[in-house]
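Note that chain A is present in both complexes that follow, paired respectively with chain B and with chain C.
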Partner chain A sequence: MQIAIVIPVDLWEDDSEGVMTAWLFNSGDEVDEGDLLAEVMVEKAQYEIIAPSAGVLTIVKHEDEVVIKGAIIATLDA
Partner chain B sequence: MTIDCTRCLLSLTVEAGLAAEQALLESICAGERDAAVLAWQPSDRALVMPLRYQRSARFPAVCKALHQQRWPIMFRLTGGEPVPQSPQVINVAMVRRCRLGEPGVDFEWAYLQMGSPWCAWLQAQGVAGADLGPVSAAYCDGRFNVRIQGRKLVGTAQRWRRVRHSSDMAVLVHGAMQFDGDPLDLVTVVNDFQAGIDAPRRFLAERHIALREAIPDFQPQAIGVLLASYPAAGVNSEFSRTSVPV
Partner chain C sequence: MTTKKATRKLTIARAMAEAIAQEMRIDPRVFVMGEDIGPLGGVFGTTRGLITEFGTERVRDTPISETAFIGAAVGAASDGMRPIVELMFVDFFGVCMDAIYNLMAKNTYFSGGKVRVPMVLMTSTGGGYSDAGQHSQCLYGTFAHLPGMKVVVPSNAYDAKGLMTAAIRDDNPVVYMYHKSLQGMGWLGTEKGATVAVPEESYTVEIGKAAVVRKGNDVSLVSLGAGVHHCLRAAEVLQKEGFSAEVLDLRSLVPLDREAVRASVGRTGRLIVVDEDYHSYGVSGEIIATVVEHNHTCLKAAPKRLAYPDIPIPFARPMEQWALPNADKIVDAFRQMMLNQ
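And then the complex of A and B:
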């Protein structure tokens, strides 16, 4: 089963764009539910992206790429 | 000894101050408290930045060069760009538990929670022209600096983390204010770093202001009045016994 990791739409209220500032894992890594996967920054506010479940990570949006709310930034194959 | 924590300024190494802020955020995530505020003044100095700067190919060399100039590089949780920390700086960190999705609760709300009392505190001391906004050519610029007459006094940044076993969020809002010395001293360190990693931007000292330019007799302990204006309870005594009661 593949799970999409999405930037939650409630992370910020307006239509600001964020930037993927860090991935703490690489594509192909196995992660556990609750692991801190990535950081997204908007307006000098860093948001943590947590693994919603365990699985093998595939990164879609890489470091320094611009992202919007609701964007798929990675997938997890459970 | 019981300390009135909302009226204290801690003297901490930069490393200890950053660790205290991280512990504060973690305490919100662990459900130990819903809000708190912490003020600290570095007892040493460092150039502090988000972890992403480590990716620069030139980072190891500039890190070594700055270390030799007694400006070690350290990393922080909050976003933004490199910021010098020194005994000329006062930091205020506020943590809150909140629920994203509720009307008005987002990064702008959090910045206003930190910045608006700061402006009111300055105005109460007779400082004219205190407001929030961007400052072009200032280092670590953002839309929510505390400004005096358009010059950057306080830089602000945030970190958001999910509260465990909850849909709530914990937010750490941080403000760093140079209160003493010449802004050129700190701007020079940031520009040296920029040059070292071959980044094109340079920053201008005249776009910054140290508080003592506006309030010549300011004493760091007076920050307690600002702390008391925040709704969050103080927690300074948990991190050090070297706090200075106002």
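And then the complex of A and C:
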């Protein structure tokens, strides 16, 4: 089963764009539910992307790419 | 899940915070003080999450008075605690230097070893993001010059965690100088190469040991902090031109791994030192002296250094970028060296 990792719409307050500043795992890595996967920077503040479930990671939005709330940034195959 | 443990990466900021948290869990004497290190988690992310786990008694936000809280840390360390204090920008050492170099660095000597000062002074260094002359300096040489304190400078998250753990456990004062562009904070011009795999368990990186991060035969590129990444990029370029450059990451300035420097230059016969601190009277001159006062006959060419010019750091982006070391300048320095030899 594949699960999309989406930037939660309540992760930051307004509708500013963010930038993927760091992926802490590579595509193909196995991750656990609750692992810190990535950091998104919005207006100099950094927000955390947490794994919603366990699975094998495939990154869609890479470092330095601009993202908006609701964007699919990766998938997890369980 | 062994694959996962091996591949989890951290930014230097998170690696520092993880090391501090792990030491705070096993040693009640360890506590943190500084400006905005509480709910904000440090302007450069070095204490993120600590206040939630350890509370305001052990993670103490201070007023903007380095004179007061760094002085307080020296007192606490002398009395048996193991404080970690953050001087937000090294540029502001001026208001607290007496506590640092006359008290922290000398109390052990003055007391004949009866008073230990086991504290970590962590501080941000470096520029590249237009923060001008009072927020962009490195000042490595200033601290390394003065006796009585260890000085470490990590270039990646693995070393950052291991050096922080070693610094906290060290019975001597340790100045821990991290470079802002390596922290993984996007707005500071993040260097991707600093975010590397970091074990979850606690470990130490020995203070005083340099690391060969790339092997080579034709030239030794010796650097620290952000400069290591410039050297690695330069080495890639030189490889395409048929030269193999060795890159040595000093990691520690006090103690300085002079043997590693001499061994590398002994193998390659050529030396370029890359340092973002000021050119004169600093790290780059010390590294060159380390080689030539020991054995000048190993050199096939006069050594070179790429350091920050002896000027206040400009705010204007083109002017600052002109002044900073980078990979292109290192490649050019090597070409000059080969032409002139």
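Following the convention adopted for this analysis, the second predicted complex is superposed on the first by the 78 of 78 C-alpha atoms of A that agree within 3 Å, B and C clash if a C-alpha of one lies under 4 Å from a C-alpha of the other, contacts with A are read in each partner's own complex, and residues count from 1 in each chain.
Just so we're on the same page, a residue touches a chain if its C-beta (ideal position, glycine included) is under 8 Å from a C-beta of that chain, and two chains touch if they have at least 3 such contacts.
Since we're looking at a predicted model, the values are computed, not measured.
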Chain B versus chain C as contact partner of A:25, first or second or both or neither: second
Partner chain in contact with A:60 - chain B first, chain C second, else both or neither: neither
First, second, both or neither for A:6, with chain B first and chain C second: neither
First (chain B), second (chain C), both or neither touched by A:46: both
Chain A positions touched by chain B in one structure and by chain C in the second: 21-22, 41, 44, 46, 63
Interface residues, chain A side, partner chain B - complex: 8, 10-14, 21-22, 41-48, 50, 63
List of chain B residues in touch with chain A within their complex: 50-52, 55, 77-80, 100-101, 104-108, 110-111, 140, 142-144, 156-162
Residues of chain C touching chain A in the complex: 1, 3-4, 7-11, 14, 45, 184-187, 190, 192, 195
Of chain A, residues touching chain C in the complex: 19, 21-26, 29-32, 35-36, 39, 41, 44, 46, 63
